[in-house]
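Below you'll find the structures, each written out as structure tokens.
Each of the next two complexes has chain A plus one other chain: chain B in the first, chain C in the second.
Let's turn to the complex of A and B:
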């Protein structure tokens, strides 16, 4: 149908002489034919072009630029980037605390991810019960997600202040020896994890809650008819039904685990003596404190590769399990 | 061709920066719509952007003392540039200010004039600063001006300066049964007094506060290393000397002294909170610059100031601190007006007025000699005596990888003074890192 309509659309003048020279006419006809053949594609790309342009400018191009910068030395202020080959990558793997900060980010990320998944699922199960004011309770659980990290950091710094912090005063009141958390890498890591989990668990809860509400209730009824206990129902019905959601949370969580930044920047400052420094904060320090864009870009490329590998692995495993 | 590549890179960098900083950048200054010239008598008044505070507070504070200084500068500027508009913008101090300046230079919209402390050689090396005529600085003291130079050229003028003294809370000393008018003169006396005060205080008050973190900590550690002949680099700044025996000895003393500090205070990052422990009678001693004179008075502290205690086998030495250096950015379109601003800041008249209003130490030698100043702020006499009798210079600036070398040192100083790591081991580790970075 569309072909017939398109045929009709060809102006007659272009098919007869007088509208220009013969080769021009042939070219014009070819162009029109090509346009007709690719009409849908042209319309599709025209609609998509703003998004493609946006994506190219703000994602593809910066990513390519960062890859280029990772092979250079550049302060960003004076002169052009100076090509240094793989020097920055060699520095990453042989000098300073780059690998250490990458591993630390991974360790923090894994702990935070598993704590968030377990706590998130438990809270979602509780919130899935039909109780009075469940909507309000769900909102309360989600509130920390909405609080800016700068505000959270201010609260935490007040709580943990080594001189007159609320926690210290409470410990003294209960006759305990006060702990100077800021002097201990272990304690600061503990607080960093707790704060990040508390701040982010609301999102996990909401996603799990949506998953729980999407499970077909007939499955539970069938389980009950078969005499399965509540634990068995949870284990053999709820958990398998939530697997796609858990996989989604795992993949996004792994990517997110390398993006922990604010609690380090605003609460621990990477301390004590660099023991809570993580890769993203290290990249920030290189880029915007040391103005070493080459090194910051090289670290970013390493993080990108690691995240990509982990995500692909995770995806493959999840696909295998689902099939 | 080279120029077009450079322009292309500027665009590319700007695009990437916009994308990366969209969420985290500080408020950028509004780009100026007019492009004023510097010629006197032009119809449009010049608009000068200054990222600094040349008075006690920002111009929004209507206190007379504060406004007088702004009016003085405005009046002086108007003599050469009638109708000039000066916009004062707050962009922080220290690392925050440095970061903001670098980003503004990178984006091509820096202020006309700014101040700073320890990064003038770094900015000069990048070609971001305009050279200052030598005759502006003839009356400025040599020590503060050392930090304003790069490759023997002058890039800034010192607006005020400072040096460290020992601040002591007389009330705390009295409570501990010590003579409040006899502060310690040697390291041993200082430690013994601190110990006695801590024991007497029984958790209510303590001996000394010891600043351990970041650049503020380094500033307060450096005088003690220098008293023994140590430092962070060799005199020509070419060789790292972190792990010298003198530095080990100085850090050992400070580590021991930190045992008499209020519980948890060694972990404080906040300088205000730390020194308020002395001002509010929770600790007796702290290492303090001249800005503590008015600060302690505002906090109603019965505080005294004395030269820093000296080790038995050492001699008096110090570090230049609170050294406010003013410079004109090369990208500024108002070079002439910017330089005039610097000339006013370096002048005896401005520095005298500022010192009298603030109690801060002028860098202008003619202003320091003003007897009226010492009469009005008697504590400044102690600092004057220190300047006259102690060897002092700024902290070193490294020719390469400066911020990372400082990071290595800060990590070492913190792990020594806060953590349990051995001093020798920490310093050796930092030394190696710094040497690698300097290669």
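Let's turn to the complex of A and C:
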């Protein structure tokens, strides 16, 4: 094999490189052949390797590090973490308001999700009816998604102020007894949910609208030919076609409920008495106000596990329905 | 579609109008409040009506060097992330979609799996990674001693440079393009980057437009991360800077100037809305094309 290679290739090789001993050439030709055969792989990996390196530092490492940190005690950034086993997790499940904040985030999330799905689907269905000015209406619904949540939250904070908030003044004007919202967990939860739905429902509308426009029109025609009523067409064609999108929105929505932060940090401060505190704000308090990184990591790991379980569950359900 | 009866039209437009009014109400409120005076604000009945229209709050806010600084900082950050996201999404999705080699799909799956981990789960370790980054901000090679990448531009620009969702979206687009383009490019002896930027770049514009919108809005509105890593005022970004300026403006012991507070809020919202209006056509198209069909 190598001899054939030698005879055929050496002259050309010597022309190019201008000499060199025979064994060297054999090797370089083998290398060239190998390079040619694996060209795509070589290009692929040389492009991907910086990304893989970056990815392992900034995505894989933190994910593993958080698990290690959750098993340690570390107050302050200086010094080294001290191994304490599952102490932090025991604290999470037995002391303080950790479990409460986790459940509360889930409850808020489900309420927000429910409202957004209903409103989003309704508006998308109406917009899909060839209405006048649908572009403008769609834009108006999408506007809140575009603006910074922190600024919106700060604005709402101004409006709800118990001293000179506009909401209070309007209540006085309407002859109502002004309510100090900040004293009531129920009212603060109400505002929190309203604001978050207002902020996010636009993307639900857009996604549903894209889904509705993606439905094959021949399905509707077939339904019409078979004499189905509009309600039946909606129930047996539109709804099943939107199921994958609804699943997608459910998954992202439930995971998103653990990401609510700005309204809690800027409007309710988790109060009154921590009654509107939710898990991400709890993690933030632990890590960046108390510098208890171990405890914050333990909470993060719990959130991670819950998220993964939910994702897998939703995936299973969606698979089962399709088949 | 069958023809609508008048009642149906009435219901459809009624619901849409009422809903849109509610959605738009806060924007209207803030705009009106920012154009009036404090007295108009206190006299609010549903929406503050300015007795004398004044634009000077906006001039005052825009000429404030602090606000100016926030704008510049955030714009730099947005441009940097738009640039890197588009380039990396294009190149990586090309590799994942058009080149065939061992381990390609495994790498892609690992990338995808990372999307299952919500970013706030890794908030604490990522923060520590930045603080303990070796040889940065007074740290020695073990990462001890200094404050690492905290409170520096690195903290604002280093994270999230392999945007998996963008690669995923772009790969779906690339997969939908026939392989003939690739073959033709190879026959003509076109280099990899030449192929990517001369052949695929023009064809993937709708996705790029969508990525620009998503990235711009994401970075412009990013709050939690800058809040954690940036302390000094001259490196703050819009979301953290303006919301703390708004908070300061009505602290106890000061007479709050509500029109300026609302003017501050308004100016943070204009750029993302403009970017959206500019690119929205592609945005909807991208949604429909890649199909968020799960």
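What we mean here is this: the second predicted complex is superposed on the first by the 278 of 323 C-alpha atoms of A that agree within 3 Å, B and C clash if a C-alpha of one lies under 4 Å from a C-alpha of the other, contacts with A are read in each partner's own complex, and residues count from 1 in each chain.
Convention: a contact is a pair of C-beta atoms (placed from the backbone, for glycine too) under 8 Å apart; a residue touches a chain by one contact, two chains touch by 3 or more.
Not measured: the values here are computed from a predicted model.
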Exercise. Could you say whether A:273 touches chain B, chain C, both of them, or neither, answering first, second, both or neither?
Key: first
Practice problem: Once the structures are superposed on A, label A:285 by its partner contacts, choosing first (chain B), second (chain C), both or neither. | Solution: first
Practice problem: Would you check which partner chain A:148 touches, where first means chain B only, second means chain C only, and both and neither mean what they say? | Solution: second
Quiz prompt | chain B versus chain C as contact partner of A:211, first or second or both or neither | solution = second
Practice problem: Considering only touches as defined above, state whether A:183 meets chain B (first), chain C (second), both or neither. | Solution: first
Quiz item: Of the two partner chains, chain B (first) and chain C (second), which one does A:168 touch, if any: first, second, both, or neither?
Solution: first
Quiz item: In this superposed model, does chain C or chain B come into contact with more residues of chain A?
Solution: C
Exercise. Examine A:225 and indicate which partner it touches, taking first as chain B and second as chain C; both and neither are also allowed.
Key: neither
Practice problem: Considering only the touch criterion stated at the top, classify A:75 as touching first (chain B), second (chain C), both, or neither. | Solution: first
Quiz item: Hey, what residues of chain A end up touching chain B and chain C alike?
Solution: 57-58, 61-62, 65-66, 77-78, 161, 288
Self-check item: In the complex with chain C, residue positions of chain A that touch it
Solution: 38, 40-41, 43-45, 47-48, 51-52, 54-55, 57-63, 65-66, 69, 77-78, 119, 122-123, 126-127, 129-132, 137, 139-155, 157-159, 161, 164, 166, 169-170, 173, 198, 202, 206-207, 209-211, 213-214, 230, 244-245, 247-248, 255, 258-259, 261-262, 266, 280, 283-284, 287-288, 293, 296-297, 300-301, 303-304, 307-308, 311, 318
Quiz item: Can you list the chain A residues touching chain B in their complex?
Solution: 57-58, 61-62, 65-66, 75-78, 80-81, 95-96, 161-163, 168, 178, 180, 182-183, 269, 271-274, 285, 288-292
Quiz item: Which bits of chain B are touching chain A when the two form their complex?
Solution: 5-6, 9, 12-13, 15-16, 19-20, 95, 99, 102-103, 105-106, 126-128, 213, 262-269, 273, 277, 401-404, 407, 411-412, 414-415, 418-419, 421, 433, 436
Quiz prompt | Parts of chain C lying in touch with chain A, wherever the complex brings them together | solution = 1-2, 4, 12-13, 15-16, 19-20, 23-24, 26-27, 29-30, 41-42, 44-46, 48, 88, 91-92, 95, 99-102, 104, 107, 110-111, 114, 116-129, 131-132, 144, 158-162, 192, 217, 220-221, 223-224, 228, 238-240, 242-243, 246-247, 250, 256, 258, 261-262, 264-265, 268-269, 272-273, 276-277, 280, 284, 287-288, 291-294
